[in-house]
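Read the structure below first, then the notes.
Order as written gives the chain letters A, B, C, D, E, F, G and H; numbering starts at 1 within each chain.
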Amino acid sequence: TSLDKQFEEFRTQLEESGSLRERIRGVAMEIESSTRLMQASLLLVHQSGPVPVEVLEKAKAQIDVLKDQYCRLAEVLHECPGQYYRYHGDWRSETQSVASLLAFMHWLETGNLLLHTEAEEKLGLNNLDFGLDIEDYLVGICFMSNEMPRYVVNRVTAGDYDCPRKVLKFLTDLHASFRMLNLRNDFLRKKFDGMKYDLRRVEEVYYDVKIRGLATNGESTGDQGVQA
Amino acid sequence: SSAKRARAMSTDSPMKEAFTKYADYLNNLNDKRERVVKASRDITMNSKKVIFQVHRISKYNRDEVLEKAEKDLAAVRDQFISRLINELRGSDFWKLRRAYSPGVQEYVEAATFFRFCKTGTLLNLDEINATLLPLNDPSLEPLKINVLDYILGLADLTGELMRLAIGRISDGELEFAEKICRFVRDIYRELTLIVPHMDDSSDMKTKMDTMLQSVMKIENACFSIHVRGSEYMPLLGSSEPSSFLLGVSDIEL
Amino acid sequence: TSLDKQFEEFRTQLEESGSLRERIRGVAMEIESSTRLMQASLLLVHQSGPVPVEVLEKAKAQIDVLKDQYCRLAEVLHECPGQYYRYHGDWRSETQSVASLLAFMHWLETGNLLLHTEAEEKLGLNNLDFGLDIEDYLVGICFMSNEMPRYVVNRVTAGDYDCPRKVLKFLTDLHASFRMLNLRNDFLRKKFDGMKYDLRRVEEVYYDVKIRGLATNGESTGDQGVQA
Amino acid sequence: TSLDKQFEEFRTQLEESGSLRERIRGVAMEIESSTRLMQASLLLVHQSGPVPVEVLEKAKAQIDVLKDQYCRLAEVLHECPGQYYRYHGDWRSETQSVASLLAFMHWLETGNLLLHTEAEEKLGLNNLDFGLDIEDYLVGICFMSNEMPRYVVNRVTAGDYDCPRKVLKFLTDLHASFRMLNLRNDFLRKKFDGMKYDLRRVEEVYYDVKIRGLATNGESTGDQGVQA
Amino acid sequence: TSLDKQFEEFRTQLEESGSLRERIRGVAMEIESSTRLMQASLLLVHQSGPVPVEVLEKAKAQIDVLKDQYCRLAEVLHECPGQYYRYHGDWRSETQSVASLLAFMHWLETGNLLLHTEAEEKLGLNNLDFGLDIEDYLVGICFMSNEMPRYVVNRVTAGDYDCPRKVLKFLTDLHASFRMLNLRNDFLRKKFDGMKYDLRRVEEVYYDVKIRGLATNGESTGDQGVQA
Amino acid sequence: SSAKRARAMSTDSPMKEAFTKYADYLNNLNDKRERVVKASRDITMNSKKVIFQVHRISKYNRDEVLEKAEKDLAAVRDQFISRLINELRGSDFWKLRRAYSPGVQEYVEAATFFRFCKTGTLLNLDEINATLLPLNDPSLEPLKINVLDYILGLADLTGELMRLAIGRISDGELEFAEKICRFVRDIYRELTLIVPHMDDSSDMKTKMDTMLQSVMKIENACFSIHVRGSEYMPLLGSSEPSSFLLGVSDIEL
Amino acid sequence: TSLDKQFEEFRTQLEESGSLRERIRGVAMEIESSTRLMQASLLLVHQSGPVPVEVLEKAKAQIDVLKDQYCRLAEVLHECPGQYYRYHGDWRSETQSVASLLAFMHWLETGNLLLHTEAEEKLGLNNLDFGLDIEDYLVGICFMSNEMPRYVVNRVTAGDYDCPRKVLKFLTDLHASFRMLNLRNDFLRKKFDGMKYDLRRVEEVYYDVKIRGLATNGESTGDQGVQA
Amino acid sequence: TSLDKQFEEFRTQLEESGSLRERIRGVAMEIESSTRLMQASLLLVHQSGPVPVEVLEKAKAQIDVLKDQYCRLAEVLHECPGQYYRYHGDWRSETQSVASLLAFMHWLETGNLLLHTEAEEKLGLNNLDFGLDIEDYLVGICFMSNEMPRYVVNRVTAGDYDCPRKVLKFLTDLHASFRMLNLRNDFLRKKFDGMKYDLRRVEEVYYDVKIRGLATNGESTGDQGVQA
């Protein structure tokens, strides 16, 4: 009957989308694994004493792994055109972490914000079909901002008194840029609302350093903690 | 000490003066809210008693029961709602709504329940408000129960009507039960179209679910009596199951 | 700066997707309004006594309104190809109700299950770009099933003793068809799990009329309550 | 039927109040937009270096916009006399922000607390029908207090060492005044509890400055950071 | 310190009341055990065939056991005068079951409702210190009512066609009496609401029997199922 | 009809008679519960006011503030607790505990809060009960607040003490803050060993969590003032940070 | 360091138990799949008309599949002696379903309760290491009891008027046996408490059949629905 | 019958496991009581001023009591070999607290992490049959970590400026060790995720003393607060 035929078709389709989702979850778990490794390496930047260059190198080594993983993810989604957002939830939070870590490393190296296109490039996502969702990128940037107060506190403890000034400038600009966006009342908005606490904390650390005359007069040196 | 004097002096600043006013405002507001809550509790408690009184109805005592209920309902108005009305002048009517809403809803439930049992009709909001008119100071804009509380009370009414229907069926008053069924279905259907427009529809939505449960309980009871009646018809040669069932209950018990 | 440029772009994009979403919500609210009118009309099939034909006609009149609304929804989504599932959540539950009501009316008229393609046709969605999501359709069918026990009870009270048999057959087949699907542990699965309670209740109603010898011997007449 | 008639009337009434609410929400969103602009201007008072007078002027320019918006809000509510508090929730949090910003600007200019009546005056709300709810005003004042620690920290970083003393005196008086109130366990109480922490933080900064001999001996100059 | 002393005293007091509660729980569990035995005996009244007198005798034998248990419960509570309701929750539900079973047996024997004072007497609780809480008694009566439909159905299956009439009369009177009470929205209210359904079910069985001419013309024989 | 008479007659059965008694019992109980709830609300509201009054304390107004608080507290006893005492004769004391417990807890909170600010000591349960003695009818066993409500009130007290400590630090009263810190720590430690023995320890467990939060808030405040003071010592050559900070605040503001 | 060594060991152990659990989950999902197939076959016993023998045969064919699956489960657990109950939760609910279905089929065939040892035998679990947990078996029996009312209702609708008597006898005995157990206040207890509603419903169906004179006088024929 | 026999056996077995569980609960409650006493003693390490040695001694005195209690627990479980994990839930959370307190005391004394084997030794659990579950041990370590921020804050207030450095080093190492583990998404994982907040808070305290030049240059003295 036409009823049977319809449900037979549904069965096929549901199984296909089920196995697709299975494969997506598989890649997403690998991505998560890679970010854990990156995160573990980057933890060392919080440690007292100057941060060795190797720390960053080790973390950067994972980027190629990630690139490969996103390539495979793109291939899987290539099979179901137009359904990127149907399965988006399955790799979303992992990708936000990725964006956050890439941006943090980029900042450590260059002192600049990793742009969306740069992030896509690093992950090999510059083709049209499969990109880095803008909101995921922005959430990742907020996550990065959340790490800044801790980073600044630990750098000052390690004797790097110029760090707060640099971070404060970076965060102030970032915060001002975000304010231009008219965010909906969603997860991103909530994360952005949290950014002002990061900013406030960094201001306080800068104040602590400044009032005690520990802050160098900066400006001249554009380098970051890692490269010092 | 001079420090102490400096402190003391600043007490007379415009700021302190303003805050004295704010403090009075808040104290008065809270006292009034408390009085309104208490009046609301009294209304709730006594309205519930009226509802129990109406539930005592049966074929044999209809008039006495309803007469007492009517008197009790009037007492709720005269003793407690009048107290509420005196408190809720002007903007407090909406400001303190959360403080009195439970009581008013319960009163609406009781008043509409009584009316349905008496006449089989729905007591309108305008009619309720008309009964409150004498309680108002004639020189002032009379206080009226708002649509929202009326509707919320009506939603609860269906629960009481369900209880009544189940009880009436046991007493053999099938037609009454069917009448309740139709009435509750109508209210449910009307409210379906009203709910999305309520100020805060979230609690109303759960009330709608409960209401549907009540409707279905009545329907199931009517179904049950109907299939039984249908089975008996051939056995008895009668064509009207309800009249038959009524007959039995009167004669035997 | 490139930072400013990026956030300027984001602002534009977020505003565009914001206004898109706004328009989608607008249509979705209209759809909700239409289904509510349909629902209110269809509530009358539960009333005691024979159900007048007008009841169904009044509900069916809303279908054209819905068709127009879905047409507009499709137009809005046409502006952002490939993003159907990005905004899907904004009209999802409304569409499940629509599917449920269409299927219920179709069953009242024909005694058959409204197929997915038929549902799309009724809503004018047979073009490829914008379709009725299969899971939404299936959830709608489950909602329809939930209405059946109440309908059967009230039809019997109204003296239609043949109704339980027909509904039971319909639900049994429907349930068997659903069982073929390997559902994920999600909303649809939960709704389907509920269907067995509908089935059981209808079985009980059928039992009640059967044991009392009230059930007609059926089979011959294929018509439904409404048309009787 | 009379049943239909009553509910038809209700529906009309509720739809009317729904559209009223829609208009209120519209104005409230505009108010929110204005406060965002004010906030963005005022953010500059946190920035290092002396605060230019223009900053405050730019923020003050929004007051007339707000006045106009509240005027329109009052007009809308004029249509439903006595129902101010029915819709109060729809502009409440926006108005608390407004009160907070007005009070902050007023303090920057005069060093005094903006009183409730003064706030109403600034917004053109001194007629009886539509006023500024006192609790909203008080919550706004608490919000303003919450901004003070950040302001003080950043002013000191910018080299304004007299700021902590002034703020400390102001907050101490304000806190003493608030203690005159008997509060319920509600939002205002929670916000007021937070004021104690603001006070403590400002005190700490004051001591930091004082102990290092950075504080001027005050009293003489009554002016505020902006005008300095 | 005096602080230590007070809390030390509290600890002693609370440990004492804890051990008291332990003993109460002990007796309550024994009571529960006895009710289980009574219940097991009484289950036989549902069985097909005439109910032998021994069934009731065996159940009645437990009453003395219960009496003894309540006597010990009263002794325990005698140690803390006035604190009956402090520990009430610990034997409450057990006592409701007891009341229910006593009332059921009393009805089987006499056809009358076991009154509150009679229930107290049976349990030896007529002294003032330790009584049967009236609400517990009333809940117990509702529990008894809940058993009636099952009893009636099984008696009729066993061929006792006079049973429905007697039960119907009893339940009708009981329901009328309960309607005299003004209840809060509590457990008792919920149980009382359930009584309506018991009454309806018994009525249905009575009609089933009546209509088939199976019912005896009653009235003459005042005896109950057990003694027949 | 005879059927009607049959029905009517059964109204005089022993069952109906008994249920008339049950109905009276339930009506009286509910009325009393309602009166107790109202008294409890009054006690809560006015005890809260006493707490706010005590919070108005500062170095400069200590005596006046506490004098007023003491009078207000006495008023709570005379006006509202006495009403409660009259209702709670015999077994109602435990039976209606849920109805009055919130009020009594708030009173305990207020009375212990006042006492701590006045003398720096814990007001014992025995002392509280002694103040209630005059409210009792001398011919009857006097009503005493039970241990459970006392402990629950004490748990809330720590929240008020935390607020007080934060405020006192801002006013430079560091020693007072440290005293509060020690006091609250002691209470927390004592209660740690009491909690598992309470009649119903579930709500007490959440109160313990809140209490620990309060303790830590005070500790963090003391920590903060300490490290600052320690930093200043070398700058000033003083050895007593607190006295120094006190000094500053007196002179300058 | 010894710390490193310890955590290294932990890592190994956690990974081992993780992969063990993974394998257990795998088998448990296969078991679930098999029970679904059995369940689908057995659904046909509810259908009107006599139940063909093939229905039961098809369901029984899955038993061997299950046997194999439990054999593999036992092998996995053989690797970690003494940890049966550590992972028990991972196959528990699947096994309760299995027990329920086996017992239902056994009853259909023999009219007797499938004993615990018989269940273990059917699943090939009679060796000591890996058995069927008694509580899982009992929960399964309760699940089977839950299906009985539906079965009886549908059999009577299909004209099998002797079924209620048989089921009633079976359930009455089963219920009496269960009552001997002193159950803790856990899941099993809750399930058993539900059994009394099954019993009551079956009593009602038997009553319906009996009062209408439809019940055969039974006793003589010991056969079940399927074999008839 | 075999049915009766089976249920008779079940009754015996359920009663046996019931009484076993009863005894386990009994010991577990005693353990809880001991840990509470330890906890109350250890709360004194937070008091201002130097912590007297007696505090630790008093807490340590409970270890022997615990040892005895675990010995009795092991004996009880010895009666049912292979069922450790069947009853594990009954002493699990108590044991986690024990592990936490032992580890905290050990750290106070030695500055090192109490290893799993050391913990077992302290509790006399080094035999094979009855050990300390690894996950319970790890959860206990997380609980200990939760205590650290409060401890550090209070030690600094008491004038011990070297404490933050030591604790920070300890927690950083511990956190790094934990990161090596691939935790499932369960309770332990959640507890571990919380550890980073402890770390962050200790970093902040260390920052507070360091920036004010209060931190001693450490390293040389390996002793802990208690022994000072």
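Assorted remarks:
The rule is short, and it goes like this: a residue touches a chain if its C-beta (ideal position, glycine included) is under 8 Å from a C-beta of that chain, and two chains touch if they have at least 3 such contacts.
Predicted model only: the values in this text are computed from it and were never measured.
Counting the residue numbers that touch the partner chain, chain E and chain G have less than half of them in common. Comparing the chain pairs D-F and A-H, the larger number of C-beta pairs in contact belongs to D-F.
Averaging Cα coordinates per chain places chain F and chain H 35 Å apart. The mean-CA centres of chain B and chain G are about 49 angstrom from one another, to the nearest whole unit. In this assembly, the C-alpha centroid of chain A lies 66 Å from the C-alpha centroid of chain E.
Chain contacts: chain H has residues 212 touching two or more partner chains. Residues of chain B in contact with two or more other chains: 30, 193, 224, 228, 253.
The touching residues of chain C, counted against chain A in their complex, run 2-4, 6-8, 10-11, 13-15, 18, 21, 81-86, 88, 112-113, 115-117, 134, 138, 173, 177-178, 180-184.
For chain B in complex with chain E, the residues that touch the partner chain are 48-49, 52, 55-56, 58, 163, 166-167, 169-170, 221, 224, 228, 232, 235-236, 245, 248-249, 252-253. Chain contact summary for the complex, chain E toward chain B: residues 165, 168-169, 172, 175-176, 179-184, 193, 196-197, 199-200, 203-204, 207-208, 210-212, 218. Residues of chain B that touch chain C in their complex: 178, 181-182, 185, 188-189, 192-193, 196, 216, 219-220, 222-224, 226-228, 230-231. Within the complex, the chain A residues that touch chain D are 172, 176, 179, 200, 203-204, 206-207, 210-211.
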